[in-house]
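Take a look at the structures listed below.
The following pair of complexes shares a single chain, chain A, combined with chain B in the former and chain C in the latter.
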Partner chain A sequence: MDQAFEAAIAFAIFVAAFSASQYTAITVYESSLKGLYEPKLESAACIVASEILLQNGKSSEKWSSWEPICQPGNYFSPHSGVELEIKATCYSIDPSGAVTKLWIKHGPPLAPLGRHAQKYVSGAVLDDGTFVRLEVYAKDG
Partner chain B sequence: MDRPVISIILIASLLATGSGFASASAAFWERACAAGVDAVINGIAFEIAAGVAEAAAEAVKGGTAVKLKVILPEEALVVSSGTSLTVFATFNGRLLNASVALVGEIELQPSRVRSSFFTITAFPNGTAKVTAQETAEDLSNPKVWG
Partner chain C sequence: MASRMRSAIVLDISCGRGCKGASLIFDCVIACVIIIVGLAAYSSLVANMPPELEQGLGKYATYVLTFLDSKGCLARLIEGRNSLAMQKTIGELIPDGMSYCLCVYSPYWELNWSFASQGFDWRNAAASSPYLVSSESNPEPYLVTLAISK
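Here is the complex of A and B:
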């Protein structure tokens, strides 16, 4: 067989093996990088929830007039590449123990965040005895 | 052109292309490694900022000072003041830093702490401070000054 032809075959084998190993390595790297970003997203969700709780405190009036804002720049910086979804639910518990849902406020993101979003849940008992459950989802955009 | 010369040129060009692939791959992985390290330092900064925000929210909600411990995998220098905090850490001889600013009602007392164990103390007035956590060794061997 011609030497140049042999070299071409050897090179083709090298390119195929090299591409396969690179593809595998990049896939593994991407999944490990997602693991590195998860704590950041969970922290981002925690920051957003905490700042909303700080803003509104225990005041039922403030919570009634509050509207969720999903721009991360309103809560922390640098915020590039983070998408948020905010959901607040207010419950009333009467003396008999019955739980009534009073209102739900939902700040939807531009696109659905999907199952990779990190979630942080917090809550507060308000001055009128009602309870607000606050859920914040953060995703790398 | 002579046939052996064509063979040599072809083999040489294949080898050159192969080494080009390898060096491009090495450059990519170097950048990827740097991105991974940056993600870690960013994660640490966000983790401490989240600790500050969480403690502040709890302190305001409960009307009492709240302490929260943060343990990092590596020693880091945390510089905080006003609404922002910056984390400095070394990795493979490279000094890395990441900053996070809280756009809210939280005010950080100025501090500069180097440790891997931190205590975040938040007060009901919305202020917070970051201090180094005393380790078990520090507590068993207290330093006496003067």
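Here is the complex of A and C:
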């Protein structure tokens, strides 16, 4: 009876320690995976932003006729299965230093990716003196 | 020491089969504890690593300074030292949820003054390249950096 009780206690201790080690291992694995994945999403956002900036350059005409396309297949990003959200804001500044928002283009307008998306921000000063801020969000699809 | 070891061996021999099983489980528990301590130490090291500076944000800060300088507004902002005007102008151009710090240096890299928005943290910040600003009222140019933090 005593031996059986001791064995039960020893087994319970073993199960508890084993579960704790498994839990810690899974947590560490998850956090290391997250560390691997975030730079990948950020690089995807960076590639898309750079491509848009290259396409439109400093031309204010190109920027005003441009519409954000959020299908990853339209870009050269090597990462497949990534959801994209693109937001561009154009500003002008007058000599007194007052900044005015000229336009905002946002796509897709109805499905924001939320805070788990990785963001890349870039900008360009256009030929007419206005400024475009381009924000690209990437999330695992 | 030797007598203690001897008594432990004697105990081990006298224990028999049941004790061997218990000691095996005890060894497993010790191994699990070592794994937990190792993984916990590794995860705390990974969590405390400083985040990489974002080159993209630093570049963006340089573009903001270029834009502000395009109509001479940057020199006026620097000379005015008006925090409200700065918040209105620079704060509008910084992406939502981010903070900034504008530092103005002499040509000899002595800090003249700086302005930081609420929540700015140098540990998560990326700074622009030094930007040279000159004005008509001051013969010496200023060196300006804009840092943005998440």
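As a working rule, the second predicted complex is superposed on the first by the 105 of 141 C-alpha atoms of A that agree within 3 Å, B and C clash if a C-alpha of one lies under 4 Å from a C-alpha of the other, contacts with A are read in each partner's own complex, and residues count from 1 in each chain.
Definition applied: contacts are C-beta pairs under 8 Å (C-beta built on N, C-alpha and C of every residue); 3 or more make two chains touch, one makes a residue touch a chain.
Source: prediction; values computed, not measured.
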Partner chain in contact with A:E135 - chain B first, chain C second, else both or neither: second
Which of chain B and chain C A:P95 touches, first, second, both or neither: second
Chain B versus chain C as contact partner of A:I104, first or second or both or neither: neither
Which of chain B and chain C A:C46 touches, first, second, both or neither: both
Chain B versus chain C as contact partner of A:A124, first or second or both or neither: both
Partner chain in contact with A:V28 - chain B first, chain C second, else both or neither: second
Touching partner for A:A17 - first (chain B), second (chain C), both, neither: second
On chain A, positions contacted by chain B and by chain C: 3, 7, 10-11, 14, 18, 25, 32, 46, 49, 122, 124
For the chain C and chain A complex, residues of the former touching the latter: 18, 21-22, 25-26, 28-29, 32-33, 35-36, 39-40, 42-43, 46-47, 56-57, 59-60, 63-64, 66-68, 70-73, 76-77, 85, 88-89, 92-93, 95
Residues on chain B engaged by chain A in the complex (per definition of touch): 6-7, 10-11, 14, 17-18, 21-22, 25, 29, 32, 35-36, 39-40, 42-43, 46-47, 49-50, 53-54, 56-57, 60-61, 99-106, 126
Chain A to chain C touching residues, read off their complex: 3, 6-7, 10-11, 13-14, 17-18, 20-21, 24-25, 27-28, 31-32, 35, 46, 49, 91, 93-99, 101, 119-125, 129, 131, 133, 135
Chain A residues within the chain B interface of the complex: 2-4, 7-8, 10-11, 14-15, 18, 22, 25, 29, 32-33, 36-37, 39-40, 42-44, 46-47, 49-51, 53-55, 57-58, 73-78, 122, 124
